[in-house]
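Below are the structure tokens for one structure; questions will follow.
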Amino acid sequence: MGTVEDLGFAAVDHGRVLRKGFPEVVYCEGKTARQVATIALSITRSGNVLLATRANLRQYNAVRNVVRGARFNPVARTIVANEKLVVERGTGTILVVTAGTSDLPVAEEAVETARLMGNPVELMPDVGVAGIHRLLSQASRLQRASVIIVVAGMEGALPSVVGGLVGVPVIAVPTSIGYGASFHGLAALLGMLNSCAAGVTVVNIDNGFGAGFAAGLMNRERPSLKQRHGKRP
Amino acid sequence: MGTVEDLGFAAVDHGRVLRKGFPEVVYCEGKTARQVATIALSITRSGNVLLATRANLRQYNAVRNVVRGARFNPVARTIVANEKLVVERGTGTILVVTAGTSDLPVAEEAVETARLMGNPVELMPDVGVAGIHRLLSQASRLQRASVIIVVAGMEGALPSVVGGLVGVPVIAVPTSIGYGASFHGLAALLGMLNSCAAGVTVVNIDNGFGAGFAAGLMNRERPSLKQRHGKRP
Amino acid sequence: MGTVEDLGFAAVDHGRVLRKGFPEVVYCEGKTARQVATIALSITRSGNVLLATRANLRQYNAVRNVVRGARFNPVARTIVANEKLVVERGTGTILVVTAGTSDLPVAEEAVETARLMGNPVELMPDVGVAGIHRLLSQASRLQRASVIIVVAGMEGALPSVVGGLVGVPVIAVPTSIGYGASFHGLAALLGMLNSCAAGVTVVNIDNGFGAGFAAGLMNRERPSLKQRHGKRP
Amino acid sequence: MGTVEDLGFAAVDHGRVLRKGFPEVVYCEGKTARQVATIALSITRSGNVLLATRANLRQYNAVRNVVRGARFNPVARTIVANEKLVVERGTGTILVVTAGTSDLPVAEEAVETARLMGNPVELMPDVGVAGIHRLLSQASRLQRASVIIVVAGMEGALPSVVGGLVGVPVIAVPTSIGYGASFHGLAALLGMLNSCAAGVTVVNIDNGFGAGFAAGLMNRERPSLKQRHGKRP
Amino acid sequence: MGTVEDLGFAAVDHGRVLRKGFPEVVYCEGKTARQVATIALSITRSGNVLLATRANLRQYNAVRNVVRGARFNPVARTIVANEKLVVERGTGTILVVTAGTSDLPVAEEAVETARLMGNPVELMPDVGVAGIHRLLSQASRLQRASVIIVVAGMEGALPSVVGGLVGVPVIAVPTSIGYGASFHGLAALLGMLNSCAAGVTVVNIDNGFGAGFAAGLMNRERPSLKQRHGKRP
Amino acid sequence: MGTVEDLGFAAVDHGRVLRKGFPEVVYCEGKTARQVATIALSITRSGNVLLATRANLRQYNAVRNVVRGARFNPVARTIVANEKLVVERGTGTILVVTAGTSDLPVAEEAVETARLMGNPVELMPDVGVAGIHRLLSQASRLQRASVIIVVAGMEGALPSVVGGLVGVPVIAVPTSIGYGASFHGLAALLGMLNSCAAGVTVVNIDNGFGAGFAAGLMNRERPSLKQRHGKRP
Amino acid sequence: MGTVEDLGFAAVDHGRVLRKGFPEVVYCEGKTARQVATIALSITRSGNVLLATRANLRQYNAVRNVVRGARFNPVARTIVANEKLVVERGTGTILVVTAGTSDLPVAEEAVETARLMGNPVELMPDVGVAGIHRLLSQASRLQRASVIIVVAGMEGALPSVVGGLVGVPVIAVPTSIGYGASFHGLAALLGMLNSCAAGVTVVNIDNGFGAGFAAGLMNRERPSLKQRHGKRP
Amino acid sequence: MGTVEDLGFAAVDHGRVLRKGFPEVVYCEGKTARQVATIALSITRSGNVLLATRANLRQYNAVRNVVRGARFNPVARTIVANEKLVVERGTGTILVVTAGTSDLPVAEEAVETARLMGNPVELMPDVGVAGIHRLLSQASRLQRASVIIVVAGMEGALPSVVGGLVGVPVIAVPTSIGYGASFHGLAALLGMLNSCAAGVTVVNIDNGFGAGFAAGLMNRERPSLKQRHGKRP
């Protein structure tokens, strides 16, 4: 199931690219800058694309000391490297929709992730349900997408409306944006889980990475399908 | 501040009709059939309209033994009597909108309450956001209403969409309809409290009565306004 | 349903003033100072009143560089501009009541909002239920109001008492003021949702803006009523 | 610290009457009828007053087969026996106040408990804050009490108002009465814990027994005081 | 956006089949048997496949009185009709995996839904993580699937392990199976939302329908792709 | 019911000393230093003892500029003044027990409050249940107390053990001390509310003031008792 | 890692006895009687001890039709068979302590489990902390035990006191016994997780089986130890 | 039950080493540096090993001023002294496993604690379930351990997988590592409590100390066993 590199404090899973079609992603929260840099070096050295999420500037500075060409996106809080290794694989366009301007950092994390997995990605910001015509006026753009990620805080109602308009998978990402009783994204999370629109699935609060990755898998020509096609007469 | 009738187990507040413009309403949960009937008699005898909520058939049977002409609405679970005393007072139409068919019992409680307070009331059922055109095709009807009550379970997204379309007060009523993580209406409640549409206020889960009463007050020509008008040159 | 101005990161909903009778309001939390200023400029340029809530000083400074005459209320944390465009529309006085002195910032946000919507607004601070005579001694002032906003933290009991005294809509605003088991306003929120007084509706924790806006709608002569009265040509 | 009687499934604490001034009380929930009866017999045989709470009819029937004169209160769900052993010990009157009629079963449990501990007890039902004059008109009766128990569901606001009127201890008992977001008494519980009135302490939801017992201790001339008096010159 | 049939208590959205590629699905909870039957008739009459979820026997009996050939699955609690209209559309096999035998009812609802949308579906029951070799011994079967639905209660750990083994979308369905602190599926839900395996998205507790529907969309050749293919040289 | 002094932002309740036997207490959280100082001056000027809780150094400095002799307790975070007006009123000793050293700040707030109400107060720190003999070795000191306040974080078990040993009221104060699943005092709060020892009542998390005040009332010779005893002229 | 028997709806893990030293245990909740019986037959036929938990009488009747000598414990709700295969393996006595009589069903499940794993087990019921001397008088019995299981509802304080008295592992089992704010065992669970006594670990609410099984493992001579012993001279 | 040293603010339990086989451990959260140092001195002076947890650098500096040779572990946040007094007592090896690198601080606290109790301890980091082969490739190392501590955040699935592989006690430690809906470790905690693998017990969130201590007790030759062996013929 693939080789593992033992760094003492971490066991880097180099076999992941074979099993998942994408190398291990570094989650930076709770790691020292040095730990992040050492793992980043291990991944890039083995010839893989680097994606590190929830990174801060200190961690980025440690990474670029050892990994040439590492790039930091301060809004998305991502570090990427070896981008030239990305191969275009998506079968359609992934559309990332946000309810408000304050949801952009989470949306950016999703965009970075999906792009690095080889997908064409488009952004449609600030079309929350309080002004529903902003969304409806772009209905044909929604209907052209292959997978849609909807990022929303507060009541998290936007995925239900989008889900009612399209026949493709909708991934809902609750954000922690909101007044008191949003309880740091809980209200949006529950709203999305209870969506009355069929075809909506949900990821963790503020988890733009998870949405981008899942969208990348959904938009990929499946390995199993290739096999199946090979078996056909 | 009005007279009180001491029934031993209850202190009926006959002054409420003066302070609030509507007599005390009987909340039947946790009361014996006999207690409900005795309070109902006290209210009707003093020349007031009777509204009892959350009533069951046993309580209704006890009431109609002592109050002539009492009527039971098994969907709304309300008992009413002395309806002929209702005076039309509303300054516009109250519109009660539901997201789904399963929300009808709560909506019916709101309708009964608002009607008994003297308001014209209309019902617009099953226009949830998963099929947004059902709502949008009735936009002009929404815009003609004076106050709108929106009843929804699951993610409770409908009030936000309605609130974005109209310039009148929207009262949101979460219902306990939904799968597991609706947590008996909590998801809808939080969604409504976090509505991104301005002008939405919220009542308790399944509290059709509370919504109907508040709508009745909002739709009423205020006593204070009459006074104020009198003082103007 | 109105024009939308695309700023790249935001879609400003200039049609909102037609649908809601008030232009889009800027929620500043999670936005950069530059984003707030650009949106503020878009709103004021199109001839609308500006209201920005949850603003900080940095955001205000960015706004006043581009919007002449912008004013900051550091207690309410609001930025307003184009105030001369405000038209008096209220049909009565909106009264904002607070349980304690610590609830004033939230009350101020409600006051700013309701005033900007064209309403006469009065403030009655620090009349919490632990000294009930402070409230009762002002009963006639309560009864003169057209709509009442009650701002309270801790147990949030004040709206129930106020709601029992008056026949007009009461909007309850829970605040995050309190000891540990207030859970940042949850106790007050639940208290208000469970109010035994009819006619009380609730907004989100610390959401003075939402209360002020809803009160403004309730206190407005409804467009639909004008139609009904046949005043339109 | 007192003798213990081992019944195999239970260890009856006969020393409790010495330590606490009242014998062990039987909590019937989750016990078989036979277990309740055996414990009841052990307590009464050792010459103590019997109080069993949360009892059902089956448990009562098992008890009265073995304990002569046992009495069942179906509203309070209590079984009592050996009442003739009760000695009047209270230094004042304990007043039990309820917000509504539906709170009576919990109030009755408190009344039974406090009476059995030797206190004069009075009941003041249905004086909830939505009709505050019902309470205020009895202010002098409130002020004559030595300890006050306030039983309320829904928002649980009544203890704060009562606590603001009197200079004696107020014990608040939340009940599970209410609509959805009362969450089976949680709203009232949190409200009471956050009471802005000083001197209010709280017991568990629906725990009339706990309130009655604590009130009994507060109303008792303390053993320690007698000692202390004895030691003074 | 499609025609709506007004049944008085319901507005059947006949346009849904165009927007979503599948007709409206009837959620039976909270509806009367008569309401369910009337909606079922409206759907089948308009030439669409019928799927009704959370149905009971009474509702089924009402349906089969008016819809010929309706079939009831008592484990899945589904009613289906017009199955001959189902067109095979899936691009690969959907695999439904369960952690335990007790999760089968939810899994069955997913199977029924995905099959009715035209997908080949396989079931792999009882391979929970406490005996991980049961799962690993079927790794190649996992890797052949096009989309995987993982149904698990208790700690909900299975989707993380499955997600680590495959490069296709994994839809996690928490079930309400478990001891006390599962809190009716909350533990499994939170576990799945926090999955450390990328590519896992989540639906509501016990929502087999939602998982089956989303899997159906993911496994479908996207309409948008056909368009895009048409544009290629 | 007493006079009120209107300070614009606050309504100081000078009648509270008559109703409660102690003047209004200033809760400093959320108030400006200037507001605290102005209220402090109003209270002390009217000849009352000053107690301000949850104060910080800035608020204290503002107070001592206007109130001579004000004293700050940085552990308890209290400001007191006019201490010479305190009259010894307690009928016995109030004992404040803590489970650990980390609970001392909350205990100190209780001590300050009870002392200022005229009670003899003793402190027994760090006798948590993990070393039960520390508590048991002081059993006679426990049994001499008139009222006992038990301050504990973590699992909050100490009040149950103390409550089992004494026949006087026990006031339990949960603190926010503890590891993750203490949830800032929630675990201790729930533990205390569910105490199996009769006679335990509970105040809010970290609310040393509330416990001290309630203990002061319980330890006071009740006004009502004097009336009953006929000692008044 | 052991063989698996595929029953269609279940995959019986016959290798578990090798990995864990005890065969698979049947959790009956959510399974049909027929499913339980089929699994029970599979386990007993393969020469293993049968333990089924959370069983009801219907499930038991189905089992004893196919498994000779199956025994039902209606208090513990367990089915056992092949008891003659139990080998005594424990290195000391497991003591099961309960706070109250109502905790006995959960304690019985632990007793059955630990006994079936080959351990001597003793029961010490009803020694809750409200009468601490009941526990302390049996201190030497506590100190003789090798592992202690403490079963308690309400505030769950007993494990902390026991844990302070002994130098062996204490397994705490919260039960769902208690008044309202026990929230079905949540209060006891949180209390136990926050125990100030070192050496206490916790299992799920009402999970007597889990406690009994863990105690069995702790009390077993470890396989690894045998290896180590082999290395000794 | 052992001597207690009264430090005024603390009662140091010198008898704990006799009852528990390990001296009192200092929990530093909420204590002043001076308090920590004074307690540390008391413990070391009485000839005991010092372990202080949740310490910061200021507290460490105060300790090393008075306790010679005190050592600080900044990752584990522990202070230790008198290490030469540690006596090897463990009957096997304790293995500490982590799901990710970010869980290392909690794991380190467990390692320090178990080592100080005299156990051989090994660390196996970063073998989370998303790359299950990392764990499985070390199965024999897992099976050699005597007790296993599993530290994991996010969904906390690792203990279930480990528990399915071994026949020794597994202690699960949830950490607060994770995205939004981990709710600071709640998701992992609930996951672990609901583990489908038998033999898993749980400690508080981030409580490495508690896990290390419990593992130490489990791995110890029990005093009671020695006694028992001695008493045998």
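List of remarks:
For reference, chains read A, B, C, D, E, F, G and H in written order, and residue numbers begin at 1 within each chain.
As a working rule, a residue touches a chain if its C-beta (ideal position, glycine included) is under 8 Å from a C-beta of that chain, and two chains touch if they have at least 3 such contacts.
In this text the structure is predicted, and so the values were computed from the model without any measurement.
Pairs C-F and A-E differ in how many C-beta pairs touch across them, and the larger number is found at A-E. Comparing each option in C-D, A-B or B-E with B-D by residue number, the pair that reproduces over half of the contacts is B-E.
The mean-CA centres of subunit B and subunit F are about 43 angstrom from one another, to the nearest whole unit.
Averaged Cα coordinates give subunit D a centre that lies 52 Å from the centre of subunit E.
Rounded to whole angstrom, the centroid-to-centroid distance between subunit E and subunit G, based on C-alpha atoms, equals 37 Å. Counting partner chains per residue, subunit B shows two or more touched chains at residues 1, 100, 130-132, 164-165, 178-179, 181-182, 186, 189, 193-194, 198, 204, 210. Residues of subunit F that touch subunit H in their complex: 100-105, 125-127, 130-134, 137, 177-182.
On the subunit F side of its complex with subunit D, the touching residues are 1, 19-22, 25, 91-93, 143-146, 164-169, 171, 189, 193-194, 198-204, 209-211, 213-214, 217-218, 220, 222-225, 227-228. Subunit A contributes residues 1-2, 4, 8-11, 13, 15-16, 24, 27, 29-31, 35, 39, 174, 176, 184-186, 189, 204-207, 210 to its touches with subunit H in the complex.
Per the touch definition, subunit D reaches subunit C in the complex via residues 99-100, 128-132, 136, 154-157, 160-161, 163-165, 178-179, 181-183, 186-188, 190-198.
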